[in-house]
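Two complexes come next, and they have one chain in common, chain A, joined by chain B in the first and chain C in the second.
Coming up: the complex of A and B.
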């Protein structure tokens, strides 16, 4: 009988707890524009989540210190509410809901990774909350007719098809044999689609097509096959862990392949972490500090990289740069809309046409940025063993010539 | 009896009114309902039967994929919906959405039940750690396999049908809340009525000494399978609802999420006190509140805080909250038994 009392008091305690914890924020408080973001601070994407967060914070500080956002004759400052999505799409969707319905956020910044963006987009779309995202590149995000989703980056299928075309070109226009291994996630699978398209276009043959698990730390099975079948190109994509695993095991197993194309080399700090072992790796990137784009806030890529390094102690990967650019886009849209009305801001975002240090930004009706090409860089080391990423394609920005084929391990 | 009635009525009214009292918390409340369902059904194996199953997540994930696939497949070509890279979104009319959801949920409940029956026959012969490890493998395998099936989106994930526009923005939250609350009530009624029959005693006999139970003429295999099928039914249902609620299914992170949901359901039942009716419910509620709280106030440290919570539970409440209460206030639990006992003795005289 007393048990009932316990349970009843428990239920009432619950009621009190819930009702007291209803915090109220709003989109614009005083002179602050509050943006919401779910970021992977823990879990498998935590390192890239932090790159994203650093990029956001850097831009917030910079914009605020340089006069903030002017709307309706008043100056506002940016502020961001962060939550940790634990690299989990379920959590991300839940947090988006929470940011919007509990915290009253009316404008969102994107999370890290395509999968999480795919989970959040339906929520922001439902509430009509404009979201500028910088890290969800999956093509399927832009075919769904989302009206409130804007991505400052180029879609994932464009990441590495240039590498295949380059390989074919260097092969005297003849088709190449491709080995590929991709993580089982939305982003990497989209990179794979890009390669399939490129292979079909060039008549190239895919001889190894492996899928890698999500918690990626071993791909020896694929590499054994690569050793046996000797493809012309090896393509690997699996976020930071994929890049680190690939380089570690290729060096351990001394796998010789004429071209190694990857993603996330800069986010994984390959040239620092693996030094000479990472030499010659060819990497797709949304941005590189040596590109010559300019804006008023960060000046150019080199200045951004120097400032970023001073603040956070490492060279900014493109994930940070594109995240900073997302804030510039928001600022621009707020000022052009001259209002905090979500519809007006959305329309202003759709009409964005600007240059930032990160690149030109102009959105297609699907929401993807169509005005910024991808770049490829190659890890190059000097005799002393210090390595650097140098842009090799497209030629307009190339600061070095592509080294091809990669020398054999026995000759290094 | 009357007091019980008052309690149930109070909880029911609270449950029905909750989304209106706390309109901003609808999603959390829906998830709480799902968590309670998972913990309560896990308790059938882990608590009452003594079989620590990590495989219930299999039914949850299966239900999730099935419900979404049926909901889409009934009206549109599923392959085009999930086609990697260029997935299309066809728009469900409200009728299509709810019809699809209804049929989807039925399938999501029935198929896992059948699957539980089939695999149960082969693996419920294992005992102790062997059973635990085997079921752990089931969930992991299902995650990896589903991550390779193109028709359900493979590694790209599966976006479930967006909720149709029925006028109000709140409709979606309310719909999913009541759906999950209804499932919770259904689960509770089912489990409670099962626990009041001989079936529970058989499960307990299996837990306490399976060989003796068998020697007494109980067909233990049959009851073990039935118990698992009951769990599978509600886990599948919970999965189907959760898929719609989250809106995006990923093979290993959302559906066959053994690392989170699969472990949480065990943790919640143990926290509340396994082998009791109310334990998993209390455990799930406290767990959910703590987790949400840690998230907000210990950003980035929530798993450390959660780890500390687990250590505290294991050290100070090894029998769970219900077990601790029983030990601390035996008269509050014992009273009822004594009273009956006394009466029985009086009648004997």
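Coming up: the complex of A and C.
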């Protein structure tokens, strides 16, 4: 009996110790602001998950080394608790729950992809935890009336409508004929809606409207139709595999189309994998290092890219840049709120109006960033076969002139 | 629904040719499945993952500056040993059990392979460029990428070699004997354990060839294996075991069916249509069997 009592008291002591240690492992401790993030470190999004994490880490180190965050006359440093969501929405939602209710995190950073952000947003909303996310662009995130969700990136429907407008402009203001092929996920379908809007606005006609499957690796049927019907613009969005498959088969089947616009060229490393075959493809991007936005922490895109490369050994994709920007937004909001009260921080976030190296940031009531246009770059190759992405639209940041129409395969 | 494919004869021809070239490749994977199903009574759910692994071998050769077409020779050699290793570690423990156990075991292997490939090679979609160019027919109205022609040619070549090997070699005869009656073969001195291991190895090698060809013609990704498993399952169900001409015809038929489904229903229903066909064929076979049974009564 005595022994049992001793064991019992020992266990309860442990429990108490453990629970207090958990409670102290939270929110703002000492001089640390602890943010929580569920990120895809394994599973199908793991490459972009790592880009996201690198972006976050880069900004945390930079902000901490440059004086941290000043709130109420005291200086704080950022720290992030990461969990691996395994690229699985259910797991992501569980982890958000765990970060908030067990680890006591009061401020969150977003995961990678629209799908996972969609899974986490209801949880952060339920607990009133402000979340700044950098990798969920789906329009449906911003129409649900979420109050605590803020996205530093432009919504998905704006990805490629610039391309349609440019095509119409180059056609002397006359409507164009559009062929499009989109994967059936939330993101790509939003890009599609954007194209439908742009087509309606400009009076353009959609002559091919194909859907692509998740396990896409052959889109010959769509391309045969394109060959026969000769549209003015071909738009493809199906993540990395869509971009890679399209370029491979367009080159193999010698499909001539005056303009080819895509998403995810950055992540697909198009020019690296396809070389000259990817030439002239237009790609939508949230960010490009040659843009001239500035801030105090990373200076500008070029400096950011150089620093990032030094630290992680590769050129930063836009996923990393926007993730870094999310931390800058948090820092700015904490300092303006001058408090760690979640409501006050939320209101400060809503009133954000700043410039970062990544772009201007100002949130609409739905939470999306309305102050940063998408950019279009075109893959351009020189005679030796080395290719580079050059910004061609909007004109304000263009570092090269758009090549239009794309030369025919027989003339290349 | 879109019936463009029937309005222009050139598109119909294009769809047929694409389908046949693709179907030959499917048939190669299916032949491996039929072989081990017939010999060992194992339905290998990890078939598609072995294919993808073979594809990664060709891809890495390409990354290191070797032409990926050499993958057609290197991948099967490596995959043969991978196959033997899987057999020794897992399959030999389930080979005499009922079908359900082996399906579970290979399903487990499939998941393990997917995750390991994702871990080792990353989640990016990759491909190997062969630089083979394109063949244009009928005034440029029909285009055939040479990589597809190459892969169909190699598939046929391997299939022929395998048939000759099975007919002429000692191991081939042993494999066929084991498939017919494992116990009798054992009594007559065939080392069935060795035969099983070799069969699994040959199947993995065939998957390796197919994978290398897929990395040249399409794209590969750690999670893209399952559609290949389903296609080969479907082909084997239609053709039956141990029927190579049947497997070839059924493979090409499936290829053409997929292409037409793609044109008519849309690319999004491509794999879905394969599933539908599978269900229809299973129902039909059952129906036919039950009629036969009544007749016997």
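Note that the second predicted complex is superposed on the first by the 386 of 412 C-alpha atoms of A that agree within 3 Å, B and C clash if a C-alpha of one lies under 4 Å from a C-alpha of the other, contacts with A are read in each partner's own complex, and residues count from 1 in each chain.
By our rule, a contact is a pair of C-beta atoms (placed from the backbone, for glycine too) under 8 Å apart; a residue touches a chain by one contact, two chains touch by 3 or more.
Just so it is clear, the structure is predicted and the values come from calculations on it, not from any experiment.
A.B. asks: One more residue to check, A:224. First (chain B), second (chain C), both or neither?
C.D. replies: Only chain C is touched by A:224; chain B is not.
A.B. asks: For A:75 in the superposed arrangement: first (chain B), second (chain C), both or neither?
C.D. replies: Neither chain B nor chain C is touched by A:75.
A.B. asks: Applying the touch criterion given at the start, work out whether A:42 contacts chain B, chain C, both or neither, answering first, second, both or neither.
C.D. replies: In the superposition, A:42 touches chain B and chain C alike.
A.B. asks: Have a look at where A:353 lands relative to chain B and chain C in the superposition and call it first, second, both or neither.
C.D. replies: It touches nothing on chain B or chain C.
A.B. asks: Let me test your reading of the model: by the given contact rule, A:184 touches which partner, first (chain B), second (chain C), both or neither?
C.D. replies: both
A.B. asks: Which partner does A:216 contact after superposing on A: first (chain B), second (chain C), both, neither?
C.D. replies: second
A.B. asks: Looking at A:339 after the superposition, I want to know if it touches chain B, chain C, both of them or none. Which is it: first, second, both, neither?
C.D. replies: After superposing on A, A:339 lies clear of both chain B and chain C.
A.B. asks: Using the touch definition from the top, say if A:274 reaches chain B (first), chain C (second), both or neither.
C.D. replies: In the superposed model, A:274 contacts chain C only, not chain B.
A.B. asks: Taking the stated contact definition, name every residue in chain A that is touched by chain B in one complex and by chain C in the other, in rising order.
C.D. replies: 42, 87, 184, 211, 213
A.B. asks: List the residues on chain B that touch chain A in their complex, please.
C.D. replies: 3-4, 6-7, 10-11, 14, 21-28, 31, 84-89, 144, 147-148, 154-157, 159, 162-163, 169, 172-173, 242, 246-248, 250-254, 257, 260, 278, 282, 285, 289, 293, 295-296, 299-300, 302-303, 325, 329, 331-333, 335-336
A.B. asks: Flag every residue of chain A that touches chain C in the complex, lowest number first.
C.D. replies: Spelled out, the residues of chain A in touch with chain C are 42-47, 87, 181, 184, 210-213, 215-222, 224-225, 227-228, 239-241, 244-245, 248-249, 252-254, 267-268, 273-275.
A.B. asks: Using the touch definition from the top, list the residues of chain A that touch chain B in their complex.
C.D. replies: Within the complex, chain A touches chain B at residues 1-4, 6-8, 10-11, 14-15, 17-19, 21-22, 41-42, 82-84, 87-90, 93-94, 97-98, 101-102, 115, 118-119, 122-123, 125-127, 138-140, 143-145, 157, 182-186, 188-190, 193, 211, 213-214.
A.B. asks: What residues of chain C sit close enough to touch chain A in their complex?
C.D. replies: 4, 8, 11, 14-15, 18, 22, 115, 118-119, 122-127, 129, 134, 136, 140, 143, 145, 147, 214, 218-219, 221-224, 226-227, 259, 262-263, 266-272
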